[in-house]
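Just so it is clear, A, B, C and D label the chains in written order, and each chain counts residues from 1 on its own.
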Amino acid sequence: MGIYRYTIRRLLQAIPVMLGVITITFFLANAIPGDPVQILLGPSPSQSEIAAIRARYGLNQPLWQRYINYVLGVLQGDLGRSIFYGERVTAKIAERMGPTLLLMSSSYAFAILTAIPLGVISAKRRNKPTDHASRLVSLVGVSTPSFWIGLMFILVFSFHLQVLPSTNLVMPWANPTEIRSAATRLDVLVMSARHLVMPMVSLGTLQMAALTRIERSSMLEVLSEEYVQLARAYGVTESTILRKHAFRNAQLPIITILGLQLTSLIGGAVLIETVFQINGMGKLIVNSIFRQDYPLIMGTTIVFGVVFVVGVIVTDLSYAYIDPRVTYDEVD
Amino acid sequence: MTDPILEVRDLQTHFFTADGVVRAVDGVSFEVYEEEIVGIVGESGAGKSVAAASIMRLVEDPGEVVGGEVSFKGEPIVEFEETEAGTRRPTDAMLSNREMRERIRGREIAIIFQDPMESLNPVFTVGGQLREFIEINRDVGESEAREIAVEMLREVGIPEPRERLDDYPHQFSGGMRQRVLIAMALSCEPSLIIADEPTTALDVTVEGQILEQVADLQEKYGTSFIWVTHDLGVVAEICDRVNVMYLGQMAEQAAVDALFHDTRHPYTDALLDSLPRPDRTVEELRPIAGVMPEAINPPSGCRFHTRCPDAREVCRQVNPDARDVSESDERPHRAACLKHEDVFHEDYWSSPPIDNETDSGFAVGRTDAGGSGDE
Amino acid sequence: MVALGLAGCGGDGEDGGGDGEDGGQLTFAQAKSPIEFDPVVLNDVPSAEVAMLVFDPLYGYGEGTDLVPQIAAEMPEVERDAQRWVVPLDSDATFQNGDKVTAEDVKHSFVAPVEENTENAGEFNMIDEVTVVDEETVQFDLQFPFGAFEQYITWEIVPKSVRTDNITYGTETDEGNTIVEENDFAQNPVGAGPFQFVEFEEGNYVRLERWDDYWGDPMPTLQEIEFRPVEEPTTRVTTLQNGENDIVKTVPPDSYPTVENMDDAAIEEVSGVSYFYLAFNCNEGPTTDPEVREAVDYAFSMDNAVEQFVEPAGVRQYSPMPEVLVEDWEFPIEEWQSAHNERDVDQAKAILDDSDSVPDDWSPTIIVPPDDKREQIGVSVSNGLGEAGYEAEVQRFDWGPFLEKYVSGDPGEYNMFTLGWAGSPDPDTFMYFLFSHEQIEVTNGTFFRNEEMNDAITTARESNDMETRRQAYVDAVDIIMEEKPHIPSYNLKNSFGVSDRVSDFSAHPVDQFSIVSGYNNTSVQ
Amino acid sequence: MATTGSTSDEVLDTDEGVGEADSEIESRVGWRYTLGQVKGDPTALAGLVVICFMSGLAAFATLDAVVFDYLSEYAVFAQFGMRKYWIAETFWISPVKEPLGARRLLPPAPLDNAYGQGTWDHPLGTDDRGRDILVRLVYGSRIAISVGAIATVVGMVGGTVVGAVAGYYGGWVDDVLMRAVETLYAIPFFILVLSFIAVFGRNLAFVMVGVGIASIPTFSRLIRSEVVSVREEDYIEAAEAAGVRDRNIIARHVIPNSFAPVLVQGTLQIGTAILIVAGLSFLGFGVQPPTPSWGQMLSKSRGVMIENVWFSIWPGLCILVTVVAFNMFGDGLRDALDPRLKN
């Protein structure tokens, strides 16, 4: 089966999952106590005004009717209108998507780029000091609350050393003319990198540690495989073995984990966005829960669900790309 | 006869585990001459594969070659010398890892592993893997390596080899993969190929075909083989000379006919008795009593005495090395058994027999092993 | 006359602030992100802080709580015993789109909150009619004589045509209010203030730049202001320390020494017109009994709590009247202060144990908003009651749920709560909203009913005679101090951590801060 | 089911007996072996020691904070003066109330800061209300350990049931259940728990259940794959052939035999749950004050981080050490159960 058909099939399979996500979030969000209209209108609204607002948000209909309308709306790409902002949910999410995706992808990049060498070195020098050190780092890494790392970073690097900014993430794609003290694209990129480094490391540490552990054990397993011995027996150098013969195989478990870890990455992003005042989806959803802005709660959760499902499909596709044994029929 | 191309003397390979030192190979000597197929036979755990790996210096952590000599065409692959402190250390002359990699592995000695399913890297094409090894070991360019690969695949009986180069290992059957591995070994044009149970994982018909093919190819290319197996039937089919290993040591070494027809060691006898043969019924088959003790705690004296039907008290005390027990007109025939009293000069025949037959070999083996451990 | 004089100097200011002099760019860390900039609609501090620079009010404040005409040409003419207020407008006043500020715009600014029933509607429910006398004169007719009205005409003026053109109106409700469907004006405000709106990204920044054609005086020195929300107070202090922001709002009490010890920053502060308090549920439950409220006052030490958790960011306050008002109105603060009980746990325990209203296993609920200081006050009360043998639970809620709960009157939700109120420099803005019966369930969560007190508040509200009003307020506060529906707690300072790069920035008791005014003009190096 | 119940139960009796004995022997042997392995693993042992220590503290805190509180309602106990935090207040210092004239934000004993010199009365310093940090850490262990453990048990039980049923029946049951689990997985767990708390309130019980539910996918996937492989083994087929009912097969044979990896995952999951709960507390969704919890202490310390960083460091370290311990023990357990993975 071709990659396109496979992708389409996976997307089709994702439909019931997404429907489930929509259903769960719809009923959960609607079960949140408190009347959003009350919050919207403030003290002493008139009856007719309440009625008008209810009609506007479709709250005057029975729950099942609203559910059906909502699902139909989602199918047409309409996630409703935020009660707090009065804006379309899709517009609000589009506005907040950038920082979150930037944060998540840079954290993943950080995690992968540190975990792979660390895991490989660890496996190569098994039970040597380097290995012990790397294992200690990963053990502590998976056990430290990410937000605490973030707080300590701010204290040390922003307050005491004053070398890194702690808030107001600058997007690398921001227009240089709109950014204070930035003249060129390069300035913006440098600023963005300086802003990103602390949130990225705080969020990425857990992933980095988890991946290092997997990389190490996976590498150890591959290095004891017979085909690696065979390569040695044919005079292939150790570095070539690591780089070529063992490396690719050892990445297979990593790829699977990358897809599944997305959910913990998203959870971490909620905290890290709060710590570093990053104006992304994580902060949006926490605030929406506080404000009982449930169209926004639902919309954000659904979008996160899509991010996750797409992430898993992408990892499966790359799995099939790396491992020829897996055909697109078999991946599931 | 000319000089042997490979000479192994008193090779010792130990594994240093948390539970103690495992003497997987404990003083093994043998040699391989040009254009011959030498068998190494033994039960699993006898140390055959470790011995084979030791020759290539491919023993993995926590294993280590700790003593003895291996020389290949006069080059010291393994060579130790005594230090003043009484410990052993590799000599300066011993080939460095780099020399091993660049001059010996693949180029001079190639290896074929037991499991064709595990020996090929699943994420690279068969052609890619072949080509890489050919390029490394024959100093040829990419396209030439490709031609050699195609030629060699055809040689080992893979149909449409050119098309199949771009296939991945999982697209080949087990037998086909083993042929690929054989092609891989041959295509590097080594002087010696170590085949570590290459046909064990295959079914009998495929095994037969491959053995035949190997025999033909061996003749054609004049390559020497070390054929590691637990199957005396295979040995009988293709080997010129045989080494029988038991618990890290050599039990008997002889030309193949002599071994089968003029067996000089009780262990070989037992092995032969356990071999199903067309001229015997199932009832006549006699499996070897008991299991092989673990190499971490070998019995004292002759290692086989716990299971040996001919064991006597002296066998508990004296561990015989393999010595030439051949008649003067014969080719060399070595055996490590004290019953050749004329060679070993121990009072075997006057020593009281140990009764291994009545009790289960397992129980006796354990008691004796325990007893000897206390001594 | 003063206003005219100022307007006359406008030309000079313009020259001074022109392209020749660059007063720099200011970054200002707010405590939260603004949401919208339509003064008719907005009802949160961060939005108001930005809007006050884009819009000029009819009257502004001087350095203290004194009123200064801004778009108005002079102080209003008060007629018919303060039931009619006539305001002449400054003929120079111009909106940023070049349109003149007219009486029609002023009228719209005052009637729109009621017509659209925005959250600010309550502020103007005393207005009977706004009349456009001529293009430069507006007349307000009130439903009753209302002396405090001058505090309400500090309202910011919006350009009617621009605003209404950018709003999509929906249906009219039964009460004659109009529902607003979309309000683009709130995202693209145009006012008559010294700064022009440039760009806004919710949660990220608001950018304003100097309006070089500002009609008023003085012309700001600052070229540009960027507001950034930094919600966490410690992080705000951090951004001051590492230079990310030039000014940070609200220095938390524990960070005072930290900011004071910074080499290149200082604290700028002024007492605010605000009042923070502990209130009781007088609707239902044991706290309806004045004795129980008395006992709670005995059970803990508000002095101690304020000293530990509020100072130096605020000061102890003994009545609902903030310091400024006590001074201006010469209220008998010593007398009120003496109504406060010193901590006496035994006394509290004795009262509570003997009281018929208090069950033996009474476990009161104290709800607090998401603010550390008010939470700490709540915990102090809880600890005090615990020592008296009654385990109280402190529940911290976010603003949404909190605002919903504290006006429910349900003792299952709360027996006590801590809250604060920021008003204008007139006692009415505190007394009416916090204690009048009319505001019960709206902004008064005590449900405390006392006709005498309510009458006094109404009398004071509907009068223009200073002495009558003062006496009425004294009477009302006396009752409050006696009956204790509230235990007054503290007055918060409007405090800012200000980098040394910034000069001539000023904290303000009512407006929070002043960037540019008759007495200051902020600039950044 | 009801009508055929009696007969099949009879059939079952004999079979059950056999099956039970078998699996018990098997698991007992397995346990002894596992424990033996763990004993030889210093890291796992160290983890176990820390876990036992923290659990001991938590048990003590639960006794003092919960059991005594409950008993104090009975006159029999109340007359001894038994009450909430009795032990702490009698022998040491109250974990929830600051003493009169308490000094806030003191540093650990030998140090000093803007608030004064640390004293040995408060070896780790005092918090934002002047309460002793050490005693609050001790009592905070209760929340961390109990929430971590209970949430994990909820997830484990839920996940085991779902995974076992899906794996055993296969077919459409499997499809439906696994799709449902995937759905649960597709909603980021943090958001799931947050909404769960928003719906049901900030009760600790709901936090535990919420975190538990959020971890169901992990367990159900794990046990499903185990079940699928165990199912193929002979003794299940034998039981099936003997007419043992499905649910009994699952309960008595399949689950016990698939339990090892679930236990390993469970140990690791407790650590994860502790981290999640700390994160929730940080956002303000934890236990209500004044009940001490590590996450809440961290959250409170944020406001005075610059002035007294120790208030932030201690609870952070407690979380770190506890989670490290669970990870070390979990790793050791896994190595013991699956020596192949051992390094």
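One rule holds in what follows: a residue touches a chain if its C-beta (ideal position, glycine included) is under 8 Å from a C-beta of that chain, and two chains touch if they have at least 3 such contacts.
Only a predicted model underlies this, so the values are computations on that prediction, with no experimental measurement involved.
Asker: If you tally the C-beta contacts, which comes out ahead, A-B or A-C?
Answerer: Higher C-beta contact count between the two pairs: A-C.
Asker: Roughly how many whole angstrom separate the Cα centroids of chain A and chain B?
Answerer: 54
Asker: Taking the mean of the C-alpha atoms as each chain's centre, how many Å separate chain A from chain C?
Answerer: It comes to 40 Å between the two C-alpha centres.
Asker: Just the number, please: Cα centre separation of chain C and chain D in whole Å.
Answerer: 47
Asker: Taking the mean of the CA coordinates per chain, how far is chain B from chain C in Å?
Answerer: 92
Asker: Mark out which residues of chain A touch at least two other chains, giving numbers and ranges.
Answerer: 126, 154-155, 159, 292 - these are the residues of chain A that touch more than one other chain.
Asker: Which chain D residues touch at least two other chains?
Answerer: Those would be 302, 305-306.
Asker: Could you check chain B for residues that touch two or more other chains and list them?
Answerer: None at all.
Asker: Could you please write down every pair of chains that are in touch?
Answerer: A-B, A-C, A-D, C-D
Asker: Can you check the complex and tell me which residues of chain D touch chain A?
Answerer: Of all residues in chain D, those touching chain A are 179-180, 182-191, 194-196, 198-199, 201, 271, 275-276, 278-279, 282-283, 298, 302, 305-306, 309, 312, 316, 319-320, 323-324, 327-328, 341, 343.
Asker: Could you pull out which chain A residues touch chain C in their complex?
Answerer: Residues 34-35, 38-39, 41-49, 51-53, 56, 85-86, 95-96, 154-155, 158-159, 162-168, 178, 180, 275, 277, 279, 283, 290-292 of chain A touch chain C in their complex.
Asker: Provide the residue numbers of chain A that touch chain B in the complex, in ascending order.
Answerer: Chain A residues touching chain B: 126, 224-227, 229-237, 245, 248-249, 322-325.
Asker: Going by the contact rule at the top, pick out the chain C residues touching chain A in the complex.
Answerer: Residues 25, 27, 29, 35, 43, 117, 119, 122, 170-171, 173-175, 177, 179, 181-183, 199, 201-205, 226, 228-232, 235, 237-239, 241-244, 398-401, 403-404, 407, 441-443 of chain C touch chain A in their complex.
Asker: Note which residues of chain A are touching chain D in the complex, please.
Answerer: Within the complex, chain A touches chain D at residues 16-18, 20-21, 24-25, 28-29, 31-33, 126-127, 139-140, 142-148, 151-152, 154-155, 159, 217, 220, 260, 263-264, 266-268, 270-271, 274, 285-286, 289, 292, 297, 300-301, 304-305, 308-309.
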